[in-house]
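Handing you this structure, nothing more for now.
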Amino acid sequence: MGILVDERTKVLVQGITGRQGAFHTQQMLEFGTRVVAGVTPGRGGREVAGVPVYDTVEAAVDKHGATAAVLFVPGALARDAAFEALDAGLSPVVVIAEHVPLQDGLDIAAFAAARGAALIGPNTYGLCTPAGRAKLGIPPGRIFRPGRVGVVARSGTLSYEIVAALTEADLGQSTVVGVGGDRVVGMSFVEVLKRFAKDDETQAVVLVGEIGGTAEEEAAEFAKGLDKPIVAYLAGAAAPQGKRMGHAGAIIERGRGSFESKRQALEAAGVRVASLPWEVAPLVAAALGRAG
Amino acid sequence: MGILVDERTKVLVQGITGRQGAFHTQQMLEFGTRVVAGVTPGRGGREVAGVPVYDTVEAAVDKHGATAAVLFVPGALARDAAFEALDAGLSPVVVIAEHVPLQDGLDIAAFAAARGAALIGPNTYGLCTPAGRAKLGIPPGRIFRPGRVGVVARSGTLSYEIVAALTEADLGQSTVVGVGGDRVVGMSFVEVLKRFAKDDETQAVVLVGEIGGTAEEEAAEFAKGLDKPIVAYLAGAAAPQGKRMGHAGAIIERGRGSFESKRQALEAAGVRVASLPWEVAPLVAAALGRAG
Amino acid sequence: MKLFEYMAKDILRAAGVPVPDGRLCAGPEEAAAACRALGPVAVKAQVLVGGRGKAGGIRLAATPEEAAAAAAAILALDIHGERARHVYCEQRLDIERELYLAITIDPSSRRPLLIASAEGGIAIEEVAEKAIVRRAIDLPWGLLPYQARQVAGRLGLPGDLATSFADIACRLYRVFRGRDAELVECNPLAVAAGRLVAADARCNVDDDALYRQEDLPRTDEATVLERRVRALGLAFVQLGGDIAVMANGAGITMATIDVLQRCGGRAMNFLDAGGGAAAGPTAAALEALLSTNPRAVLVNIFGGITRCDEVAAAILDVRARGALTVPLVVRLVGTNEARGTEMLRAAGIAAFTSMREAAERVVALAREPLG
Amino acid sequence: MKLFEYMAKDILRAAGVPVPDGRLCAGPEEAAAACRALGPVAVKAQVLVGGRGKAGGIRLAATPEEAAAAAAAILALDIHGERARHVYCEQRLDIERELYLAITIDPSSRRPLLIASAEGGIAIEEVAEKAIVRRAIDLPWGLLPYQARQVAGRLGLPGDLATSFADIACRLYRVFRGRDAELVECNPLAVAAGRLVAADARCNVDDDALYRQEDLPRTDEATVLERRVRALGLAFVQLGGDIAVMANGAGITMATIDVLQRCGGRAMNFLDAGGGAAAGPTAAALEALLSTNPRAVLVNIFGGITRCDEVAAAILDVRARGALTVPLVVRLVGTNEARGTEMLRAAGIAAFTSMREAAERVVALAREPLG
């Protein structure tokens, strides 16, 4: 049922005693998420929203058998907190923070890969499997409804916009995943799509992309072999070009990365590309109608 | 037949164009070792003793299918050369150099462990399986004779002394391994003993140890469960105590490390401990007599 | 943060990478003095924008007089919208050959990436794919010398150049990691007098890591207005249209701009007010937007963390101060939506719930003849 | 290479580890000045040998006069055979509690090892095993902050001390790796005024890595003679007996010393002439040995790389220069054995092939009444 998280997921919140950590712990609990423990170094022994706080992940995992972590720590501390979660065997590990130094992002991704763990983020709103009442992160819980549409996106509020529109159109979601807005993130579109491909619950996928990078082009490559319908929305048709990374950026992208490159790649792979946000839900409905 | 190296071992010599590399390549070839290629960065295209030289291990392995490496590079360059060999999948990798910085030794050992490769050294004379005509390193070839005695030692010339005495007493060797004299070495006594334990050819083992560290005590622990006779010789009964590593050294060793600690541990494990070098061969002969 | 060439070269020099001898000069006299000290020089505009060579920002000078003239000419240039405040006078190289070498981040493999070519120079982006060597670098071990030698081998470099190339690559990698760089690039990495030397250098540093790079010099490409809005902690870029845009989130801001374009309008800026911005900064950002004289303003809020009542309060605050001199269209949904909408309605401002209707409305307002 | 306490503390201070304020003083006047500047001080002998406290090498001084007197007394002391050339005057700490913290190498696991105890101080080696926390550190990631926090948790340190302890541990680890240390040790790591401070510090640096630690200060524990022989590139330690020993290889040199003892003799030194030493250095080493007035000399060579004829040439060279004033016994086997033995025989020196016979012979010669 859905991917990555479900009703069995026991969530550890790192940075639980901070303002964001405490607020969203409350929100996650209200959604029904099984938040079993929190960690803030030096704050062990307290409680936040009824959740016990520990000094180390090790101690929290020992006591409560947490299986996944969501991190509400500032960007500068994300590397250490993520390593601690990964070393304790937690997966997925969801790094909400923005402004994580890129080199730290590389380190976290390398460590997660070595551990075989799913890393979500950094710079993500998190993920949610509505039917499992499992929300790890910051999206507003009211926008979700259980259903058959998988959603994978880079940016937050745009995802909420589209998920809310799906819900309004009676198109519930299997799992909604924000892969994160940084240049280096843990799971890519392709890796999330691979999981949706194997998930029986998911019957269609919405991909919310934007200009820059080549993740959408890579997703298009993968989509060619996928037998579930995908609807994409791409932001940035009218946006200015992002900052150039010298010649190296051009050599890596080799003409990819632009709105047109992404649109063409996706359409060539049979993906229906919406050019306005409100076109997504009708296209999904149509696709499911066809698929069903 | 023997352990780690045999007649199928295809040897790559790193640092082959140096004085030591060239001399010992000749010596290894004369012993019958299959030295298939050499590497010295910037010296590719030459030949040393008829062996073709390449700039990179990758190129040499591609062309000649080398399976093992022996490094004749100075201590300061050992880390890079060992990583190159390990990354190319070679095993064992034999690091002859002394004066390898300890932190580099730690790195090499960590990389070898991650690769699952056998690392011999640093600061070793190498190893030899006489029946396989496989000699990787610098010991004089004439002292070896094929046979049933496995030898594992820390220091070089003392090994030669004892191996030569075995040979003279008609006690040939299955494999002779110098694990290296540095504080951090790749394979320990225990790991070599494990291999000898599984080797049908090896019917008795000679362990040549010395004061300092706890490798002999750990070997004694392992020897308890071993059904092949072990004869040990320990050097340093009259030697001054080595340099102290602060309190930390004492906390690590906890009373182990001395001649007496090693002797007692080995004897308690049923190992016959020779107190003079020339007593080793007779003890081995007696043990084999008993075993046979 | 991009660094000026001379800053990048200072860093490379400190890391042991061969770079030509050079001096930073604020005017023609200093350039003449540099030429007297260094001999024939290249006089190079210090700008953060690319393509300065084609724009006339690099000139050769054999004498102090020529150097002075070159500096004066360059400092008067507009180089793709940027004006150099300094020139860098650098000993002239007799370049035999141009290579390319960079270390950057490969988002696809999530690893550092070494990119090299034996055919470098200004046409590097047109070099055939097969002439380019890419090597993803495994963390945490990083770029190891033998890997750099393998790359040198693939480039077909001869013995001594290969050794030097590998050494430089490892030093660049240390700069890349140690300086929190997003990019370290030498183009060309020149062969001069038989030796490799970084004839040009570029180093972009990760903004998010500047807190731990305290000893690095700072540069800033932003306009005055951009700086003013960014000082509020908000992401802001000026564009060319006439409708000021404020939304909460990078993706939805981009989408808002796209939607405006589809409706026949044109955004004046990209302003991501982020998630959870309080009334104070939101009001300040709105005032900054109004100071740019837009034809109309569109505020597009999908409140997740952001509370609609805070946004409404910010808008009312700006209007109370008399700063709301052009038509304003608000789209407001999400957390505390009812309360925010009610606050605006009480003040006579209609809030839309549909992004589409809000966009169509603001485009129509922007098209109306001025006051 | 061991560093003096003040050197170790300079390194820790530079790495951000809290250490008390202190001054290095060459004599009583400087000590008095330091006390005037710092207030009450601990005056500490700067020696490389351990156990200086029990030997009277640390004294407390409340006034400049007391500090001068303490310095004078300490500088006159013999501390386990070593004499301090400087004292280190350090602000006195009001120590509430003593912890122990070290990073060293664990040969068994081939990893760096963090060792810590909540019960530190001079009795650390007697602390119960269960009061000691060991944590092997995985390379290449190194000691990560959360791991240090786990250790702090196991030590039972309260909140703020735990955070500070973890921070210090990570800084020590960076010193350990970055300075090529074999050992970095704080004992005690003191709690004073509620904060952690390295009251004493030890840093041993890997001799084999000194080439890349050029900016580190140098120390030397060796005697003049040891320095002379080590300058030849040979390993040398002075012992207490009367038979000078030269062999080729550390193991065989140790074994030779053992054999001498079993035969009733006593070695005067440990001299490992290494593998492949040429005639020149071998002769120089032999001459250095002879300069120490042994009763007899034993040369024990099993030639692998070492060539017996080179050894013979060295011996004949020393004799030709008239330096061979005491009985010499040679054991010579291995590469070019026949030629070496023949060279010696031609000069009237009998070479043994049996180590046992050579040892018995040299012990007998050393027992003979002097000339």
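Note that the chains are named A, B, C and D in the order they appear, and that numbering of residues resets to 1 at the start of each chain.
As a convention for this text, a contact is a pair of C-beta atoms (placed from the backbone, for glycine too) under 8 Å apart; a residue touches a chain by one contact, two chains touch by 3 or more.
Note that this is a predicted model, so its numbers are computed, not measured.
*Asks:* Enumerate, in label order, the chains that touch chain C and chain D alike.
*Replies:* Of all the chains present, those in contact with both chain C and chain D are A, B.
*Asks:* To reach chain D from chain B by way of touching chains, what is the minimum number of steps?
*Replies:* Contact-graph shortest path, chain B to chain D, evaluates to 1.
*Asks:* Comparing the two chain pairs, does B-C have more C-beta contacts than A-C, or is it the other way round?
*Replies:* A-C
*Asks:* Compare the CA centroid of chain A with every other chain's and tell me the farthest one.
*Replies:* Ranked by distance of C-alpha centres from chain A, the top chain is D.
*Asks:* Compute the distance, rounded to whole Å, between the mean C-alpha positions of chain A and chain C.
*Replies:* Once rounded, the distance between the two centres reads 27 Å.
*Asks:* Just the number, please: Cα centre separation of chain A and chain D in whole Å.
*Replies:* 56
*Asks:* Need the CA-centroid distance for the pair chain A / chain B, whole Å please.
*Replies:* 51
*Asks:* Using the touch rule from the top of the page, what residues of chain C touch 2 or more other chains?
*Replies:* 140-141
*Asks:* Chain contact topology under the given definition, line, ring, star, complete or other?
*Replies:* Its topology fits none of the listed shapes; call it other.
*Asks:* Can you work out from the touch definition every pair of chains that touches here?
*Replies:* A-C, A-D, B-C, B-D, C-D
*Asks:* Within the complex, which stretch of chain D touches chain C?
*Replies:* Touching chain C from chain D are residues 140-141.
*Asks:* Going by the contact rule at the top, pick out the chain B residues touching chain C in the complex.
*Replies:* 41-44, 55-59, 80-81, 83-84, 87, 111
*Asks:* Hey, which residues of chain A end up touching chain C in the complex?
*Replies:* 75-76, 99-107, 109-110, 113, 125, 138-140, 153-161, 164, 181, 183-186, 188, 208, 210-211, 213-215, 218, 233, 235-240, 244-252, 254, 275-278
*Asks:* Using the touch rule from the top, collect the residues of chain D that touch chain A in their complex.
*Replies:* Chain D residues touching chain A: 141, 144-147, 149-150, 153, 159-160, 162-163, 166.
*Asks:* Mind pulling up the chain D residues that touch chain B in the complex?
*Replies:* 50, 100, 102, 104-108, 110-113, 115, 124-125, 129, 132, 138-140, 177, 180, 182-183, 185, 187, 202, 204, 206, 208-209, 211-212, 237, 239, 247-252, 254-255, 257-262, 266-267, 270, 275, 302-305, 333-335, 354-356
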